[in-house]
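Next come two complexes, and both contain subunit A; in the first it sits with subunit B, in the second with subunit C.
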Partner chain A sequence: MADIRHEIPADRAGRSGPDSGGKHKGGGMAHSGLKSFAGLMARQGILVAFVLFLIAFSVFSDRFLSAENIFSVVRSSAIIGVMALGVTVVVIGGNLDLSVGSMLSFSTVLVVDLHDKIGPGPAIVVTVLATLCLGAINGLLVGVARLNSLIVTLGMLSAIQGLTLIYSGGKNVDIVHQDTTWFKIFGRGYIADIPVPIVIFAICAIVLHVVMAYTPFGRRIYATGGNPTAAVFSGIRRSRVVFATYLISALTVAIAAIVLGSRVMGSQNNVGQGYELQVLAGVILGGTSLLGGSGTIWKSVIGVLILGFIQNGLLLLGFEYYVQWLVTWVVIILAVWLDIAAKRGRLLSPIA
Partner chain B sequence: MKTTLKVLITGTTAAAAIAFAGAASAEKIKIGITQNNVGVDSYQTTYEKAFKAAAAADPNVDVVVLDAGGDVARQIAQIQDLTQQKVQAIIIWPTNGKAVVPAVRKAHEAGIPVVITNSNIAKEGMPYIAAFSGPNNIEQGKEAADMMCKALNNKGDIVQIAGKPGYTTAIEREKGFEDELAKACPEVKIMDTQPGDWNREKSQRVMEDFLVKYPKIDGVYAADDNMGVGALNAAKAAGRAKDIKFIGATNFAVGYEAMAKGEYYGSVYQSPVDDAENALKTAIDVVEGKKVPKMNYFKTPEITQENMKQFTKPVF
Partner chain C sequence: MSASHIPQPDTPALRLEGIVKTFPGVRALDDVGFDVRAGEVHALLGENGAGKSTLMKVLAGMYEPDEGSIYIEGEAVTMRSPLEAKARGVVLIHQELSLAEEMSVAENIYLGELPRKSLGRVDWKTLHSNAQAILDRLKCGFDSKRQVGTLSIANQQMVEIARALTVEAKVVVFDEPTASLTDAEKVVLFDIINDLKARGAGIVYISHRMDEIFTLADRISVLRDGGYRGTLIKSETNEDEVIQLMIGRALDLTRRRAAAKTGKVALQVEGLSCGKLFEDVSFELREGEVLGFYGLVGAGRTEIAETLFGLRKPSAGRILIDGTEVEISSPADAIKKGISLVPESRKEQGLVLGMNCRDNITLPQVGDLTKGPFVSDGAEIAIFDRYYEALKIKTPSWRQAVGNLSGGNQQKIVIGKWLAMNPRILIVDEPTRGIDVGSKSEIHDLIRTLAGEGYAVIVISSEMPEVMHVSDRIVAMFHGRIMRSFTTEEVTEDNLVAAISGIETDKVA
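And now, the complex of A and B:
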């Protein structure tokens, strides 16, 4: 409980301005320069880590900070990123969603396959609806039936995998006329010189940020995740809130699927496999508590971008892929540690 | 006489199927196959269809078609069941080249010849098998290297997008390609190699990074067409596709189409139909006592823009 009260005002403060933050946090954070630096770190540790990574990589690779590269990384992070936004909402609501990876496979296979059969417009509509149905199943089982979300969504992960295989018969699906369809706008287009996937990612992030931070609905999600019992006693309909979080998550998956389908113009069963872990890594890097009740949308954006830039940076520096895996892990641990250490003001926990 | 063909769906026991198949006439050659994971990709789906069609076309053969569903334990149980039922040959598409070795040895000791199909068994299992039937991935890598030399006139800088790390197919293609390239045209240099995990989206991301990192790329070798087309997508988006020669392996329909459009240089044609027919024929030859090479490869020819008309468009 203490953690929730601690975190939400801090985020509010982070938005309204760095100075007001320390006071809201209470305690002895704002007494000296060092302390206020610690306060800044506590609120924005992940952002500081992000900037440090960027500086480190740009020292070693002159191409790293080129506009071309930055656009390229953000564009390819957009798919994981959009999904991470939805999963952040679920996690803040106190649950997990591991089914997003295979849900993404399902949705991309669906949208790409239907594109040539019923046209891009209807294909998008059907895909969004079908994906929402999958999200609704998650939502019913976790929200209404009150089953453990880890088990439900882990089960859905393989169930949807099976569904995708049944649908596609194991075949690759492709869009034949890639250059003439307007469907290409989502993955390959530009709006005012900015790649559309980035625009979509930004719009989704802003919308969800506003929903989570400024609407009663968003507050209810925080409350439900922070203390479900207290939330119910405060008159919040817990099951509806949880149900809604899974719908939001499914919607973001559908959006990601449309971007991916348009970008690749084809799909296969293994396309989304394992993405749920990257998504979760991004969310955790963003400092969202897996226990629910705390976290922010825009920090998940940073979390996903950190992962994207690390992978890109290591590749630009010419590391072998297995080094990339190791370093990615190390960076996640370091970033999370930095974040936690800054919050409690010391490296190791004072309580054994 | 009508050929009896019994197909088992994942999860049912082999024994039941063989009981059915046993009702067929005794003088036919009875062959059992346990596949890796049908339905997981187009190649394996087409393979199974072609295998059944080939068996149905041969009046002297009776087959029991099983699928391990990617599960090693289930595959071992299926091998044991087939051994118990005394089929005359067992064809195995290993889910795991090492784990199936003991079961293969038992079958061998029971006097049943084992033919491995598509992906080979681990070295320690080699003494127990009658033959391996499948594609030669080292050779495929070599063919791709030769195409690359030709495409670039023996000079240039290229990048390589490999398969999923740890897969034998990925390792062998990479090795075949690198060794032959160093021999045939040492002035073609591989600047970088990264895995694309057999995934078009991943490959597209890797290629985007390569395009940023290297201002000049003359060629791309991808360990299958799915990844090759992902790389092509990335290069097209960056407006650099015209300067780059794309060479893949395992020709996919998308690669075939890109080749027809002139965007894709070439690939290696590997047909699941040839794969399946070669496996069945190898098993029949083994049962009939004909001499079969231990490594019985089927042909995987080069396919380029020039000769592509001789090939039918792949079904996957």
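And now, the complex of A and C:
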């Protein structure tokens, strides 16, 4: 049910494979085989790629598919994953959010710093509220003032980084009594042998999936992203919808910050730097169109996991840490390209 | 219509043989074959969804056919891209313009093939003199250095045509070229087409407008449901025969209706103004009545509709619904007050093209179709089914993205979406723009049926036969003002044209 909106337009999905030009008569088996392969790739290309990666890495490393390693990858993907869920909502609504990285720095510094000053419970409440305020600024500027979301959130990325440094005075923060505080459960705890970050990631994913796929509110987000004018003509209050998507995004950042702060029990001022690109990479790998109006929550989950497993697999194969940045880029380009190619049935656009 | 310009009478400029193109679940083209002679205008007709657009895209190299062959001047060709098609002498004049608005006319005409000097510099002199030569041939009254964005839509279309003429065109395909042209501009376009024809090009002319086809065409080919239904020679046929071939049955567009029984006043507008867009507009609309708004593009009709739907704020005047003065602050507010608007442009304003049929129909009321916090699948499908049947929407399933449907079926989805709101007052802006004859009469019948059921309906249309056929009363607008209002007995083509040209006035609206 959830992916009904992701259906490929019939006039493109059925295009035959890249090399089918020229001979029109007697396409036969090979032809229809290519067709159905293209169709499969168009619908589930990202899953196919995911499985291929898992197989490839597990052939070269026996540790790769061990339960221990899988848990460790999912757990370390959880922070980016939770943020990617919120950003997916913004992107489906037709906008971008590049401010999530520095917003994560701000919220993590805030929750860690306040932990020792006012106690874990109040620290969490204040952090969530403060982060929502930042999201509200994005939401007002993009939703109500109708400014370009790329510019607004790029500016916020820089402004929030400044805000963080002003708050902390440039010093890193940490929690003194790391073993005795209940705050450690979010990053270090287990529920029924499952690491809590994974549980939180799963709960957020399920909640947002249900919101997007089954509620009127979710439907309005898809409509607003798909065609803002038609949404307005349908009586949808577009500015409210966009505003709400930025609040959701900020909320996921606050949750990620709590997990991160609890896991590290301290924070640098720039801890979230570069996260916005990783988050966006996961969303794009999941196949959510940056034009808005399409995509699903669970595909972003897969996208983030693919990134996590690729980075982990490269480490296990003995590559240097920084190689993963290059490979990640290649994977994203391939994913986007395959997706488009499957939709139009050729590798290159016919309209040159 | 002289045949003296035809260079090789035996080899047609274009020949199609057994063209088949399938998409998942649809056989868009099924064994289509006909030929277009050099120096003839060959009209291609068919209802929306008959396969015209697909065939055109095959010709332009945007789709490759699954089966069949294309011959140009007797030579079998495969065309894999629009550039390749153009190199073969097949050019397509799109219905939708694709120009770089910030660039000059000349740059647009030669986009991608600008003449060069040494070191790859653009040869501006040659560029402008070549471009100006083409513009002169087309009798365009503007300069090749003019920025395209500053031209009228009609002149932009001329640029599009000029672009097609940079190669020696053997086959020129026109897709609904007159959709946004005024009558005077049409005359110029027809001259150009006749000129191309005299130079020996084969012209494929796609249009829904019978009068144009019977003015221009030498032969008429008809598609229906993806299949080829035959070719008629213009001088040996008539509109009825063509329509019958197109829709597979006879159609009676000329019948007159009995006067409608109208109820109490549903909507009353008094002295409504919105800046300079429209001024001092007053009228009333009764239950069971269809009120037609007729006028030229820009006369302020759409703006009145948008004001009634809460998209614009009036600067003066009153709106009364059932005798009570109301303020309509937003579309959501208008919907609550029982007003629905089927907007002018279904693709831009009416539909979310990537969304499926069902979700589009239920979009304005999705907040009310809930079971607990969730959208009720059953309630949504029930609504879709009701309008799927009532409006005879052709789609394989509700899951189909609306963007894949033909124009007529898309329009039915928009109408269904607003009927499903059960409005008291239904405003329909250009109900049949770009829609074929068969769907057109279905939509006209539907509007009449709705009025019969007690809806108060406003129809805005730029087509005189439509507005005369469907309305109980007609309001003629000129430059943001109501010039005159007519009953069906009073109205004639002459006095209607006079009123919208600002010649005749009668302030009693």
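As a working rule, the second predicted complex is superposed on the first by the 313 of 352 C-alpha atoms of A that agree within 3 Å, B and C clash if a C-alpha of one lies under 4 Å from a C-alpha of the other, contacts with A are read in each partner's own complex, and residues count from 1 in each chain.
Rule of thumb we're sticking to: a contact is a pair of C-beta atoms (placed from the backbone, for glycine too) under 8 Å apart; a residue touches a chain by one contact, two chains touch by 3 or more.
Keep in mind the model is a prediction, meaning the values are calculated, not measured.
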{"item": "Which of subunit B and subunit C A:Asn69 touches, first, second, both or neither", "value": "first"}
{"item": "Which superposed partner A:Gly170 touches (first subunit B, second subunit C, both, neither)", "value": "first"}
{"item": "Partner chain in contact with A:Tyr322 - subunit B first, subunit C second, else both or neither", "value": "first"}
{"item": "Touching partner for A:Arg220 - first (subunit B), second (subunit C), both, neither", "value": "second"}
{"item": "Subunit B residues touching subunit A - in the complex, by the definition given at the top", "value": "38-42, 44-45, 165, 192, 194-195, 197-201, 204-206, 208-213, 226, 229-230, 233, 237, 252-254, 257, 315-316"}
{"item": "Residue ranges of subunit A touching subunit C (in the complex, touch as defined)", "value": "1, 4-5, 7, 9-11, 13-14, 20-22, 24-25, 27, 39, 210, 214-216, 219-220, 222-223, 226-227, 229-237, 293-294, 350-352"}
{"item": "Contact footprint of subunit B on subunit A as seen in their complex", "value": "61, 63, 66, 68-69, 72, 75-76, 79, 165, 169-172, 174, 176, 188, 260, 263-271, 312, 315-316, 318, 321-322"}
{"item": "Touching residues (chain side subunit C, partner subunit A) in the complex", "value": "22-26, 28, 54, 61-62, 64-69, 78, 80-83, 309, 311, 330-332, 334-335, 341, 343, 348-356, 359, 363-364, 366-367, 369-370, 373-375, 377, 399-401, 403-404, 417"}
